[in-house]
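Presented sequentially are two complexes of chain A, the first with chain B as partner and the second with chain C.
Up next is the complex of A and B:
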């Protein structure tokens, strides 16, 4: 007879292995000096390929540029980083002269003679900028220079890398000039972006395609190890040039402890470890277990962490976790193709009816758990030109019905009595969130008698349709690249129409004239007034039905200090501090 | 038999082509031109055109009639097949890594998880099936059948979430996430066994029971052969064919990894890479994994057929 002992032997064999493997001697990171953050699927450490948030964050730990954002000050402000001071700008606004700080060195690396990092010179910046414009690199950041820098477009078309580019001049080792084809006051903003960071030619030429795995920068950290799609570890860069924690902040920063480390040398932490956690559920367990310092809150976990009054839940309060809430510089909207025979053209009534038919506060509540707020202007809060003026087309079903009747579609029916049928493209094939949003819009339009077909497309296909102007209505968002309303208003400038960034093909000669004026103006009350005038002009024509402004809600651990979210800067980790925990 | 094997191996071609064709239709034809995604939101039309041209996205999908018949296969799908056959798996549009390197790096973590999982599942499932069959119609058998049914009815996702929350998060018996050493595999293995063993136990029990009512078992019993010997030397041997089918067909998945376990537990294997590649539209990674997966599947099927002749000498492959 088959004995119980035999049964036990066979079935327990596997269990013994599992027990032997269980977590009795788990490897622990050194928590005294380790900063845990969530990672992402990033492209590597090459500034020219750092267009996505994940790549920009990692590039900013190891590389630097001429300018950077002030960490604590608001409104957003640019300060010199590798430049000695802010640039000297010629009277015509066409020449920017940067004096470089002396003694800035690239980190030690075998690409240099003797493995010792050499000093950064103006030639390195000229090389790095040209490399970003090199069409063979296919960088998605070339837009920051190609339309503005003198000779940039011609140089890129010619495709000869060593040919001189007249817009970038290394006057001497420590003086760099950027010459522009036309005034470009946004230059100071784009120079903070990781695309414009300095790289040594020796490293690019030694590592070739593997350069993305071998960062050689001047930044606060240097790469210690990287296991792709799993873990990144940095250590303090011994060559980092003495930067100190800022001693100026905003009201409330001192009380929040954000100025406790004023004047201390940066970076504060010795080491950073990032894990590439793809499932938010897993991330949540790790966060609760104290393995991750800070992260934005996912929609599905919002209600676990935040009360209906938008405060922190009691459980997290007991754990000492803190909540942050930051407006993101982006606007989400429903865009109408102005070339479309139904929704486009000079009659804005149909578009206005569409806007009035959508209950945006309910959208924020039902779809976004109130993590987003209703938008009232093209320009999001925190950027000059944003006003608190109420949105002209807030939810009003009765007004929507009147407007659609005035547009020639009484009861949502055309002249032949057929129901009006509109098609809206949305990015995110297969996404439940996008499907729910499509259903939400369709339900609201149905009340107007309009049949809305929401097409969920893959991101590539969505972009193709948008670039080609091959759509009727689209759901879209624009995330600001820098804190200047010009970055939003260029979406309505007619020379930018499809396949450019003016995806709605909006055309208004008066707006264009004003845009050409503001595009070369420096920050002033006069420019802000013009921004407001331009916004009103667009709002009246209604190429966008405004939807939402995102708010980022995030959590950070009690041992994670000096955290102040900056939506434009990715170079914050040098300021962070980790207490023993 | 050699002719049979050659025929089966030749069948790899249409099967793999068919699978790749479906994948291509889904990601390229329906998914759209990846150049728009690569170029980014501020891209100029010239740049999109350049990427489209450089990467061959401007060519026809399947057949090129422009220079017929000389360049008839100068089209996107035949070019993709040609590259895969030459072992050129291209590069990831997300990370710009060579896909070949991604596959090599991902294979070991996947095998670290799937190989022990495979053997544990097989060992435990066959053992429990033999116990259930031996004690058929007793409380032991019924309990095992009920537990197996319950086990296979619950989604793997539930096991993962419950185990990660309680065993790893609250009780700290296991690491929540990571691939730092063998102990990090314990929880995914435990979940893999619990989630996967139920179905196999039921299947093997049925197979064993089928054999236990055969004449040769009765004869062996009548001759006084011990129950253990009947079970292991006769019944198990004769039940091998369905067991082999079940086992060998699982072999390709040892390489392709476990999508859910790898994703939730941070095991940087091929399953996780595929899960990350799909929403990113990272075509070359998807094509390469599909290509290898389909080839391995056909090869495993052929191996199963060959194994039949070993398990049962009466079987002849023609």
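Up next is the complex of A and C:
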């Protein structure tokens, strides 16, 4: 859920996430069936260690799991991948039975007898899940199972790998059962994540520490060569089993040409070549030069490509370039440490005053060129539980002044008459945008008589301070891991307090009770109503001053096809197509 | 000099005459005076805000006039938050001088005392001090400064005493000054050490020793006045280097965070340079250019005047 992925995205907030390149490596042949991409630095091909977006994306090219997201359908929907169908769920919601597809093979690799990839069985899933929970692997993804799967915590504490884990049962070669200690409707979402992908035991045992450089998966591609921090080459995995391009989409997809390849075998491109380039200027030149198929837009280049009316600039229009705009399932906020003696505690007035003092629409304009929109709920749009109800603490300097006086700091002064001084930690040492944002907040609080000191920290330091709850105020963001409000509400559940994901140390027994109820409910109007009630509860206490919802803007070339951004799925490259150009 | 001269001229008076004759040096001195006036003005604005507890004008954002080009109202245009660039550049002058002075408070005592000890006592003391400055001198300055600045940033963030201090001095400024102070003394230390080696066996020193003056007395009352000009020359030549380093650090985001230093202004300016907004960059760069140039030229002239042995050929022939 949190942070590794979150923080990579924070880093990417000003830079880029995904760029697809095509066609211009003149030395290569078959340019039209090769997808050229640009990626960032990533950790390697080990599903258990793929918490950041860059690693998740590479892992998803070579490995697969039981379930995946439907590429075109919205709202986000889970479909079976290595499972034959969605799981059968027992009456009590505690047993999930998966029937595996027959004939799925790992790609050929010297780790198998005779070098020929063998068939995937239920035992492989049990092995892979246990491997992810193994404390020696220190996977940051263990949260997807450890709280819910029967006996998972006990097994992990015991630390004997071959001891049975009662929650994962290989009934026969093609039947896998996951048994839960308590209902966990989010299981279907987390099973799409790269942490839950299947790996062969033979490869792990043969390559040991080098396993991260030797992926042996069932995915659409297989690794041909990897030169770290320079170039990765993938080729089509010959044993990839018969997945076809979807024939169902949303209204508008057909017109956008997204269904032209319906029914075609995947992957569509033969080869992927990925270069590690970290300078945005280089990407931009490559995009203009027609080498890159798609590019997210960073702040510096936004004004060059997009008009003030948020349309595409004439120059790019002439080139046939198209603009895409998708909301990201994330919320940015200013978090208050509820354990802090000044901003924390049961008196929400000071926090509310803080929230009312900040002109968020102006923030969007000045810092984000209106690429972000003001947030009105903890839960971002596109996720059940989000409402259009206006935010309770919109910018209102007069109200902020009244509130801060009621909080016991009239005119922003403390009892000794000194200006109240608050310290805010922000991720991104050395980033111009973050510094300007810090100045922006400080300027607004100064109008309230409060002195805000913005500390720009390195990510590692910021993470540690957040994790330890060692801060007063923080600027932070949460990026949803799956399209369920529960993923946002668990940030306020008191057993998750620091060092857990509840980084504000929010505690409200009533909220906890409701959370325990919704966490095991399946999607229903009743659950949505509870979500809204819980959001209101948190809003009243104001541990977060809501800031923004990001929108991703990007560009793609006319010859780069089948591109539809999916904020939760990292496995899109098998659908992409490159036309000769 | 005529025999009629009633009073011999002091070293400083000779140096001043020398400088007066150098037109370029006088122009530079004029420029420096202008900068000092701006500096005092900026300090006044800053402290007035502090004492009266008011937000100084340069800090007030006007979002409705962001990124304006130069005009009669805003001679250097406005920045991303609608703050007047000219006022920011003036405040940058304050930061530059503060940096130079605060750092010199660390560099001069440290370099002078260590250099004096090494040069005067020689032997083991010299070996230890030479080893120390050789090690520090061997690490590329900017890397060491960034490293130390980060560490000090961390210390400042954690200690409550330092937090209290940051009410008056920007925490970034403090850490940059300390970092530059601890790396910048090497050059001065070398020079002073050399001078002390030269002086320690001179007759006036031997005489003082014969009269029973203690080591400290000899070092600081007898030799020090004879090498003090080195400190002044070194200070005036090092000053522009310090300003430039701060600009580089702030540009890289390590330096001053909450006050408008030239580096931070240039860092902001780079975001819009490609849109053709040249004025943000021009203001800070020009301010820095003329100050550094004036300081360098004046420093050279001062060295020529104060240290006759180093006088350049044309002044010798004059």
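Points to keep in mind about this one:
As a working rule, the second predicted complex is superposed on the first by the 551 of 581 C-alpha atoms of A that agree within 3 Å, B and C clash if a C-alpha of one lies under 4 Å from a C-alpha of the other, contacts with A are read in each partner's own complex, and residues count from 1 in each chain.
Going forward, a residue touches a chain if its C-beta (ideal position, glycine included) is under 8 Å from a C-beta of that chain, and two chains touch if they have at least 3 such contacts.
Since we're looking at a predicted model, the values are computed, not measured.
Once chain A of one complex is fitted onto chain A of the other, the partner contacts of A:443 are limited to chain C, with no touch recorded for chain B. When both complexes are overlaid on chain A, the residue A:137 reaches neither chain B nor chain C. By the touch criterion stated above, A:51 is placed in contact with chain B alone, chain C being left untouched. Ranked by how many residues of chain A each touches, chain B and chain C are led by B. When the two structures are aligned on the shared chain, A:454 is found in touch with chain C, with no touch to chain B. Looking at the shared chain after the overlay, A:365 reaches chain C, while chain B stays out of its contact range. After overlaying the two complexes on the shared chain, residue contacts for A:303 are found with chain C alone; chain B is out of touch. Shared-chain residue A:339: touches no atom of chain B or chain C. Legend: residue contacts after superposition of the two complexes on their common chain; A:285 is shown touching chain B, with no touch to chain C. Looking at chain A, you'll find residues 429, 458, 461 touch chain B in one structure and chain C in the other. In the complex of the two chains, the chain C residues touching chain A come out as 53, 55, 59-61, 63, 66, 80-81, 150, 154, 157, 166-167, 171, 252-254, 257-258, 264, 267-268, 270-271, 274-275. Across the interface of their complex, chain C is touched by residues 299-300, 303-304, 362, 365-366, 419, 421, 429-432, 435-436, 438-440, 442-443, 446-447, 453-456, 458, 461 of chain A.
The touching residues of chain B, counted against chain A in their complex, run 27, 30-45, 47-48, 50-51, 54, 94-97, 102, 105, 116, 120, 123-124, 127-128, 130-131, 134-135, 161, 164-165, 168-169, 172-183, 185-187, 189-190, 193, 227-228, 231, 263-266, 268, 272-273, 275-276, 280-281. The part of chain A that touches chain B in the complex is made up of residues 1-2, 6-7, 10-11, 13-14, 17-19, 21-27, 41-44, 49, 51, 135, 138, 140-143, 146, 212, 227-230, 275-279, 281-282, 285-286, 288-289, 291, 429, 457-464, 467, 481, 499-501.
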